[in-house]
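Paired with chain B in one complex and with chain C in the other, chain A is shared by the two complexes that follow.
== the complex of A and B ==
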């Protein structure tokens, strides 16, 4: 219980820092302030990068874009997956088979490859969203479909059906609330994968362009100076790693408490990149 | 007439599956080919959406509309999309994926030149990650008490983006300790296996997340097998733990292990783009990324389709292997 609260507090702190860090940064994250590749010192707690910009300010400001894109992508993927899963699980029959075939097709392609191909044609944000939806929505769809199938035999659903409620009303009022835990835990997993895809695309140069502060982009920019100022690589790496790890662990802690979740987690083979 | 023989104790009558042994692999193959066709359409469509085409890219900066149109005709790019798609697929099947728009070299040459480097990288990572994920999965799945710690470690570790692992390893092994070079530039024409010090960082940064990811997936399967009655029975009979692991648990893990390996291989191929670009390693991954950046459509199409083909072949192979290794289906 203590570890769970601690985890959520930590996660909230990290996310809040990433979201609001741009405002509390001591320096302008894009302004050259001093000598390049200076080590940690009183003026620049994490030193400076190749252009003499303050690494600490850039780390504080560099997470907001990454996280907001990932949240948008995860929400879209979850919405598409939940809608599809509700429809497939409730209707069954041909629709269910078509949905299963489509998810098999989408799951066969690694999300990052898909993101790269999409990034050819569309700008960075769209590529992250499309890749997360194509790689993640099928997993959500399966989970939700299975949950719908197991819930739709329950007595209270039967009762609602006997009251003459429409299918849509039953799904929204009776079925969806019963699988709140499943959907939330799944949203967390989608967010982790979206962060992985977004950071990969940003590192490859298909995200924000150079003067912009961004954790993933900083990793690539500062790689050449890793011997002179190790913090310039270690700090953004730690920020990005901490965010994803805390997120994944919080999801797991939340899912462990949920009685429906562990059964599907085991079959969730295509989780990552 | 032979007298009825007593069945050895514990050997239940074996159920033979109704499917003839060849049907399953054939079905897997057919599905893989179908999926590949679908993927080729997706790849072609996505690359066709590119602003600007081969002609505009090739034309000199001051070229007029007229000249670009003439060049487009000359390159054969003015046909309908489905015709272009068919000629592309036809060329691929005939072993000719076209020429690069940037330097005019045949795409097949560029791919053949880069393929050994990526094959070494992905193969080496898989060789390193496969036993590691089996050990990690076994450790996390068979822990009788306090399963939370290993599971948390595997879940948390697998969530870390490959970029972060690569950067962290570079900062540690190259920046702080100075053991290996931070950049893995390979002289052209030199097999990567001859410069093992250049492979350390890329292979480790790909193998580590894969091992954690695969271990997490296998842990569930291990827990399932360990909970089966025959394992408890073997333990009660006093069989040593290593023998229980090798004889009673491992054969049942082959099917999930094959599937996890296939998924992990697909992930490794995708991760190669990031790792190769980050370390400047001259493989197909960095070729794909640089071709996307320079809008070199034929190269992008070929490399993306090749990657998808390898991933699909791996998944089909895993399905076939998984069907063949289930000890309960054994007919001997």
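== the complex of A and C ==
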């Protein structure tokens, strides 16, 4: 219980920092302020980078874009996967087979490769969403479809059929709430993978262009000066890592509160690109 | 003092409310102890608390457990002790069986170590003692078993290792009388055996008196079995439910179970269907409810032929035929409150307003004998018997003409069962509700106007010779 509260406080702090950091940053994150590669000091708590910009301000301002695009991508992937899984699991038959075949096809394409190909043609944000949906929605669909199939034999679903509820009403009122644990746990995994894809694209330079502050971009820019100011690389890396872990853990904890489908959680841990 | 001793056991739920306790329980070696009490009275929680096998949400806050004089401390030690020494049959055995294992594999879980062939032989011998044909069921998986068969497989798993402590939670629900005799024989063998103690949790007083040396009652004393009431007026007028040459196969494309069932049920009539477990009683009811496609035949409700699939039935037909299933645990949605569960059928099928539906739900809760405060609770905190009564109330909420009830009293103690059966009698008399009920309980069948037996050889329903009274 205590660990759960602590977790949510930490998550709130990290998210608030990422979202509002740009406003509270002590300096303009894009303005050159002093000598390049200065170490940590009273004026610049995490030193400066190659152009003499304040690393602390850039870390504060550099998470919003990354997190928002990842959350958007994860929610889209989860929504597509849940909708597809509900339809496939409930309808069965030809639709089920078609959906399963399509997921197999999509799973055969590495998401990062797909992201790179899409990023050449479209803006980086779109590439993240497309890659997360194509790589993640099939996994969600599989999990949800199996859960629907097992839930649809339950007594409460039969009772709903016996009182003439429509298929859509049964899915929304009975089936979906019964597997919210599965869906939430799965959303956590989608979130982690989306963050991975987004940061990978940004490191490779498909994301925001240089003067913009961005954790992943900072990793790439500051690598040349890591010997002179280690914080310039360590700080954005730590921010990225901490955010990912906290997001994943808090979603997992939220799912753990749900006693409905405990068996699902451990069996369906698909993390990967 | 030797055997299994529990003193001062106290179990609370998440909010600190006492579920049961403090309870003392002594099961000396060589004896069989029956734990009885009203449904929802904490029988199961007390015993599971002693074994440290409580479900999530319940906590043991006090009490000591000793085996043969040496203490079994709570926590890891108790769990290890349970694994090594205890055989446990849960209340809901069907869901305790791993869905992918065969019957042989499941029974072997209770018999670790030793050469496999000998273990398999032992497993099959136990299955045979419980009246299951090992050659026939050995390779089946749980979804290919009927409720009563699954119950016996779980029972075989609990007893095959001849555990020092055997705990059976409601072992008789869902068993036909012949099988019940076999269970009683198995328990009789343990009586007087050195170093073997047995605890049976049951609400069946007749069973408890036959098998147990001592009866421990938790909470108030339940009265005797439901007595046959005066038969409600029935058997007159045109049939409200008529089956013509209905044939059903086992679920999942299994073998043919029943062929050519002809049955007419009049308004107000109470027809009980009995028969060996696995003979297709439940499947027949599900076919009538439109939840299982029959192989052949028709179902006629109030003179009109009913579509075979529930999805094709109109609102009035859905209202007229209501079904209560066998498994109280899966019957209620874990996140829907009882009040919402009971209001929904009235809203949908009777077109009642929100307030009318709510009032109806409150009335139904009282009629099935549940405390009024369950209406705002999710089903998580309800016992099996309480859930069963909510499921019955949900079916009655639609104001049906025909109630199809599958083993609905098996999870209930005698008093609750009588409340439910009395309610059905009242509805039969007032509104002409027809009841088609599958049961293994002779006392319940004795209250019916007609009793039909499934004849597995001829695969049909035959009128049973008048069932003599309870006991």
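Note that the second predicted complex is superposed on the first by the 253 of 273 C-alpha atoms of A that agree within 3 Å, B and C clash if a C-alpha of one lies under 4 Å from a C-alpha of the other, contacts with A are read in each partner's own complex, and residues count from 1 in each chain.
In this text, contacts are C-beta pairs under 8 Å (C-beta built on N, C-alpha and C of every residue); 3 or more make two chains touch, one makes a residue touch a chain.
Quantities reported herein were computed from a predicted structural model and do not represent experimental measurements.
Engineer: If you stack the two complexes on chain A, which partner ends up touching A:154: first (chain B), second (chain C), both, or neither?
Structural biologist: Once the two structures are laid over each other on A, A:154 reaches chain C alone.
Engineer: Check whether chain B or chain C contacts more residues of chain A in the superposed model.
Structural biologist: Answer, by number of touched residues of chain A: B.
Engineer: For A:116, using the defined touch cut-off, is the partner it touches chain B, chain C, both, or neither? Pick first, second, both or neither.
Structural biologist: first
Engineer: Should A:105 be classified as contacting the first partner (chain B), the second (chain C), both, or neither?
Structural biologist: First partner only, chain B.
Engineer: Per the definitions at the top, what is the overlap between the chain A residues touching chain B and those touching chain C?
Structural biologist: Of chain A, no residue contacts chain B in one complex and chain C in the other.
Engineer: Which residues, counting only chain B, touch chain A once they are in their complex?
Structural biologist: 35, 38-39, 42-43, 46-47, 49-50, 151-152, 155-164, 167-168, 170-171, 174-176, 178, 182, 209, 213, 217, 220-221, 224, 259-260, 263, 266-267, 269-271, 273-274, 277-278, 288-289, 292-293, 295, 297, 300, 304, 307-308, 311-312, 315
Engineer: Flag every residue of chain C that touches chain A in the complex, lowest number first.
Structural biologist: That would be residues 56-57, 289-291, 310-311, 313, 315, 318, 321-323, 325, 327-328, 330-336, 341, 344-345, 348-349, 380, 391, 394-395, 398 of chain C.
Engineer: Provide the residue numbers of chain A that touch chain C in the complex, in ascending order.
Structural biologist: Going through chain A, the ones touching chain C are 154-156, 158-159, 161-165, 174, 177-178, 180, 259-260.
Engineer: Under the touch definition given earlier, write down the residues of chain A that touch chain B in their complex.
Structural biologist: 104-105, 108-113, 116-122, 192, 195-196, 199-200, 203-206, 216, 219-220, 223-224, 226-227, 230, 233-234, 236-237, 240-241, 244-245, 247-249, 252, 265-266, 269-273
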